[in-house]
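Each of the two complexes below includes chain A, the first together with chain B, the second together with chain C.
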Partner chain A sequence: MSTPVAVTPVAEPATAKSGPRRAQRITGFMPLIALVALVAALTIADPDFLTQRSLTAVARTAAPLIVLAAGATLIVLCGGIDLSIAALASLSTVLLALWLPDLGGLATPVVIAVAAAIGAVQGVAHVLLRIPSFIVTLGGMSILSAVALVVSGAGTVRVVDDTPVAWLELYLAGYVPMSAATALLVVALIAAVVKATPLHSWISATGYSESAARLAGTPVDLVKIGAFCVSGACAGLAAVMLVSRQFSGGPTMADNLLLPAVAAIVVGGTAITGGHGSLWRSLAGALVVTLLRVGLPIVGVPSAYEQILYGAIIIVAVALTLDWSKVSIIK
Partner chain B sequence: MSVPAEREPATSAPVPALEVRGLVKHYPGVKALDGVDLVVHQHEVLGLAGENGAGKSTLLKALVGLVTPDAGEIYVRGEPVKLRSVVEAADHGIGMVFQEQSLVPNLTAAENILLGSEGGAVRRGVYRWDVMRRLAQEQLDKIGSKIDPLARTDSLSFADRQMVEIAKVLRIEQRSQHPPVIILDEPTSVLESKEIDTLFAQIRRLREFASVVFVSHRLDEVLDVCDRVTVLRGGQSVGEVATAGAVPRELHRMMIGSTGSDDHYHSNAATPVGAAEPRLSVRGLSGASFRDVDLDVAAGEVVAIVGVHGSGREDVCRALFGIEPTTAGEIRMDGKRISLPNTRAACAAGIGYVPAERKTEGMVGPMSVAENMTLTKQKARCAGPFVAPAKQAGLVDRWIERLSIRTPTRDTPIQRLSGGNQQKVVLARWLVAGDIRLLLLDHPTRGLDIGARSEVYRLMRELAASGVATVLLADSLEEAIGMADRILVMNDGRVVTEVACPNGGKPSPLDLVKEMV
Partner chain C sequence: MTVTTGAAVPRRIIRRGTAFRDAGPPVALVVIFAVFAALSPQFRSIANVQNIVDAAAVLAVVTCGITFVLMMGSIDLSSAGVMGASALTVSLLVANNRNDNDLGLLGIAVAVAMGCAFGFLSGLALVTLKVPSFMATLGVSAIGLGVATLMFAGVQPNISDVMLKSWAIERFLGLSYLTWIAAACILAGWLIQRYTRLGRYAYAIGGAEEVLTLSGVRVKPYKVAVFTLAGAFYGLAGVMVTSQLGAGLVQAGNGYDFSAITAAVVGGTLLTGGRGGILHSAVGVLLVMVLTNGLVQVGVSPYWQGGVEGLIVVAAVAAAVIPQRRRNQVVK
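What follows is the complex of A and B.
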């Protein structure tokens, strides 16, 4: 017992697969390479780009997207997808704008809690009714959009006194936008909690092979509901950031963030089939997407082309990250 | 390509419809086919017999192009062929009726029969129902079936659907101008005895214009319907028997090898006797595919459940782990009644389960050895709510050493290990916390080579000796007899008999087979 067993090199060919797949190795660095390349390209196109002012602008623009993508990443890691995040964020901006006058500083945590609860309800529906997350959140997207229209009276809700959310517009140490710092903190916090607890094993197992996870006694259902809950909370936080910038809430304010958020996740290299990926990857992906967004006008591409780009990015990135061995039939 | 000299086309007898020579197929950690030879004569029904893991299904898959062999040759009517897909196999006149039926349920029988080979039934992209009906009727007439070609497939009985499958497979005649070779993979496993008679009559008719390869677990059937039987064992052809005058006993001996049970996995631990209360006590357990199952397992005892495909033993095992719902009955652990609504409840009750499908259900392939090993008993590697890396490393390394798991590091993805080492990690998952009371082992040695098998056997023995109760669904009768203290025989969802299986008084496989079929 006390003799340490030297792990001898295996005599027989004990390995079934050789190393990580090449595509996976490439996608591991893809977001970072893309990030550096984009910054370089934009600097060449416009030497003024690499200034503190425009970098701050990029960080501020990216903040809500980072938070949205981070939350949804948890669901993608579990093997699902959340299409309702943008609609939920829009609804949350309306609720925040409506509640700020009465609740003041309390409005922020209340809105985030409500968004988390809505996320959790979708998770429960997905788990208990055994409906694919794609369908649940597609339906949820439609419902939440309509609710936002109804409660807002189909118009923008102005925020007269924005002091409770104005802190997000401050600058940390004079340079770093508070919203970006908050987004970074949220990503770091969720990533650290996942990493340091059994959650990492549970989420990966659920995403890679739900049946194996279930047969190992992993709390698959709770993990999924939890992921939806956190995703909802992140949508709520993204809404707070949007309201603090725009001084208003609107029933479609965040709707155009859905595609960029999904693009951020897949560009980061998180596998859409679940299991493989991380929140940090989505952070990098969100920065790439934001740079593209900011950069297109700089290089003279009309912003109408933006959506074409997102669509193409998603398709190409998924093609690169998809684990074909796991997907035998493409639906 | 690698066999230049050996090209003599068989013998003076008519060229065999299909011939296989020296087929080899490796899977990681196991040789599924180890130089199989097989000859199918024209207008012959050839039986293929062998235990689980003998290589039957791999061989069949190779014949229809679903598996590419590593070495060896396949000849169709004397011509060497390479079969890369089901379509190529069909072009050579080889077709298979799959064990899991491959019909589209909401189409008519006629549409299914012509699916993929519509011929004249489609003109300018539009179905011509009259032609389709006629073509389908021709196919059905050929096998003497009375099915209405316009009946929806999901309204047909299972036996009728099998007829539709056979009619569909026979369409490959259109592709090659020769009598086809039809492979039937366990066609009787879900049929009633009357339906089986009908099927056998059809198979005998098929012989007039085709060759048939018939696979079944049930030896009496094989002897009944086939002209000749080839027996596979350990990925090799170990013998050929003309069925006239042959008896099941003889075949069975060839299937399981020369001896009854090798002593390398004999259960040597003394069976604990007279414990006041059995560790597991099941009374009247019923579910969708089993009824009134009583089962007692004492601490330290290994109880094997044997039965043919469809006997319900797998479902009993899964019910004991909270996967398969039950409709009646009670389960007690150490005298205390428990309910098992899900796998979490089973884990909490100290029950562990090693699934038969290791790669898809037992392990999470891309995750590390350490993560797989600690997936269930998270507390064993945590300090409070957090994973303690040092604690995990110590724990995992201890079990790697204790079970001599060969892995480069504890962080290696488990899918890079050989099958036997993967299985040891899956087993270790239940042991790391030291709170396991009952282990359910569903084919724990499936797909493992001999060396890995004996290591799993040794491990099972040690666990039993340490007081763990074990329910074993063995890969073979030989294994059940070697490992078990007691054997329950299940047939058609019920426990039909119980056979004591002590050291020195082991029953013979044939005694058990009698009860199983």
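What follows is the complex of A and C.
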């Protein structure tokens, strides 16, 4: 230890950041630009796109994705990642479908609470056992999928009486789908709570520099566990939305939402290195992803390209939003 | 790292710790095998042992690939997508019911090359775009699945190539050809790991990348090469699955990505890199297969397989981190 190896300090003396860099400023508007460009392109490709009916359809499709992405954004802001959200949402659809007959209206809050608890357990495992978050949630994904398969008997669980969740299928003021309104409300609520409390600085501090945050007295562990807990609750809510739309729960129902959700977060411009980003960005990102999804068939592109697109988007968007100054070694 | 002259005591402790870590998985394998053999008469039959070894073939090849990536301290989630793409490629290039191709071995080579290309893509995204490997490979996996879906085009290609089909059926010394191919892969992987610069640098990158960079080694090409090598293994694994199924499926690699990580980790390869190796992983593969087979024989629902693997990974990683708990404060 005492051997004074002549290591020239590679670290550039922490340049006091005077405002955001140009790249950051551009990526800041990226989701909005992409959103506007997509809407314009789709309107040109199909003039019927900007009608109330198809926009409502887009909003309804986007709702579960928005909620999922919003929850996971908090974890990404802390510098971690949650790969289990989709599996957790799938499990929650099964639980909700199974519990609806017995619990009725109570089933929704109970499922969300259970999902939040599962999220919190993953957070505790991440913090206490000091396992990287993507390993914990990758393992969690596998475990939750297995539980969902066993609980549901590997089949779809039909919901006979869906009145307790039917409110999500209503329309606010005749036009706005209730599910989309709920999603917006959730994003606004979380964003407001984060903004109004010290949470905002705690989360950013954890994301930007965890060791500094710890030294400064930030309850880093609690912040992280809280983020996982909220992410779990959001997955539960997304499951409620899915069940209300499909009248059933399935052990793999939400599994294909993982990539879109991750894509939504990074397209929004939240850096996966942590700290930089916001919930509103993920909202914009989720809309972009949904528009791409809805738009590809309109333009006449086979839906197989959807997957390729997600893959490319994730890689490119992560590369653009990454805080290069912070990571010298990328594993 | 902390070894200085006169520090004989810590060195001995370190060595004993390493020996324990190396001996742990094989001992666990024997113990688990003995437990299941005692519990279930079907489990201890010769046929079932053959069954386990044959079933391990594909996973062993995938794990060979992923081990090199893990040794560097990176991670690879792309195997499912790469295997799907290579399965479709090979099934459309050998004799099949969709077109008139009959390339035989050449078709298999093309599929493996396809795997290489995807691995190259992951590596490139990692070193040039600086996208962390788990994100880059997640993206590449999606791209692979998309390419596979495009090639699938709604009609399942059934293969009629005699040679490829025989791989899964014909037996040599009681084990299927696929198992021997897997054994050859393990041997090749071990030789690469042991005797080539690529293998040694993969270790070194995982152990101390900064030191390696400061010593003037250009790390980036080796990182790309390791991902390309891993891609080749996934490509071959996709071909093997196609041989087993007799058809090219997009979902050919479903679940293999996580099972391979489980096998490597449980075999003693650390996710932080620099430890473990192909032989460790081979033991890990057998461990995972014995466990899943044994649980089914004892009467546990096969749906639990993923759950068991998830628990194993979390437990194994947690156990590996415990010695450095106090030291490494920042875990993302």
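Here is the rule we go by: the second predicted complex is superposed on the first by the 312 of 331 C-alpha atoms of A that agree within 3 Å, B and C clash if a C-alpha of one lies under 4 Å from a C-alpha of the other, contacts with A are read in each partner's own complex, and residues count from 1 in each chain.
Definition applied: a contact is a pair of C-beta atoms (placed from the backbone, for glycine too) under 8 Å apart; a residue touches a chain by one contact, two chains touch by 3 or more.
Computed from a predicted model, the values in this text were never measured in an experiment.
Enquirer: Kindly classify A:H126 by the partners it touches after superposition: chain B alone (first), chain C alone (second), both, or neither?
Expert: Touch status of A:H126: second partner only.
Enquirer: Is A:S211 in contact with chain B, with chain C, with both, or with neither (first, second, both, neither)?
Expert: In the superposition, A:S211 touches chain B and chain C alike.
Enquirer: Counting touched residues of chain A, say whether chain B or chain C comes out ahead.
Expert: C
Enquirer: For A:L259 in the superposed arrangement: first (chain B), second (chain C), both or neither?
Expert: second
Enquirer: Quick check on the superposed pair: does A:S201 touch chain B, chain C, both, or neither? Answer first, second, both or neither.
Expert: first
Enquirer: So in the superposed three-chain picture, is A:V160 touching just chain B, just chain C, both, or none of them (first/second/both/neither)?
Expert: After superposition on chain A, A:V160 lies in contact with neither partner.
Enquirer: Have a look at where A:V318 lands relative to chain B and chain C in the superposition and call it first, second, both or neither.
Expert: Only chain C; A:V318 stays clear of chain B.
Enquirer: Scan A:F134 for contacts with chain B and chain C and give back first, second, both or neither.
Expert: After superposition on chain A, A:F134 lies in contact with chain C alone.
Enquirer: Taking the stated contact definition, name every residue in chain A that is touched by chain B in one complex and by chain C in the other, in rising order.
Expert: 7, 211, 214
Enquirer: Chain A touches which residues of chain C in the complex?
Expert: 2, 4, 72-75, 77, 81, 125-127, 129-136, 138-147, 149-150, 152, 209-210, 214, 258, 261, 271, 273, 301, 303-311, 313-314, 317-318, 321, 325, 328-332
Enquirer: Across the complex, what residues on chain A touch chain C?
Expert: 1-3, 7, 79-81, 125-126, 129-136, 138-143, 145-147, 149-150, 154, 210-211, 214, 259, 262, 266, 272, 274, 302, 304-316, 318-319, 322, 324, 327-331
Enquirer: Under the definition above, what is the set of chain A residues touching chain B in their complex?
Expert: Those in contact with chain B are residues 5, 7-8, 10, 12-17, 196-198, 200-201, 204-205, 208-209, 211-219, 275-276.
Enquirer: For the complex, which residues does chain B have touching chain A?
Expert: For this pair, the touching residues of chain B are 28-29, 321, 323, 343-344, 346-347, 353, 355, 360-367, 371, 374-376, 378, 382, 385-387, 400-401, 404, 406-409, 413, 415-418, 421, 429.
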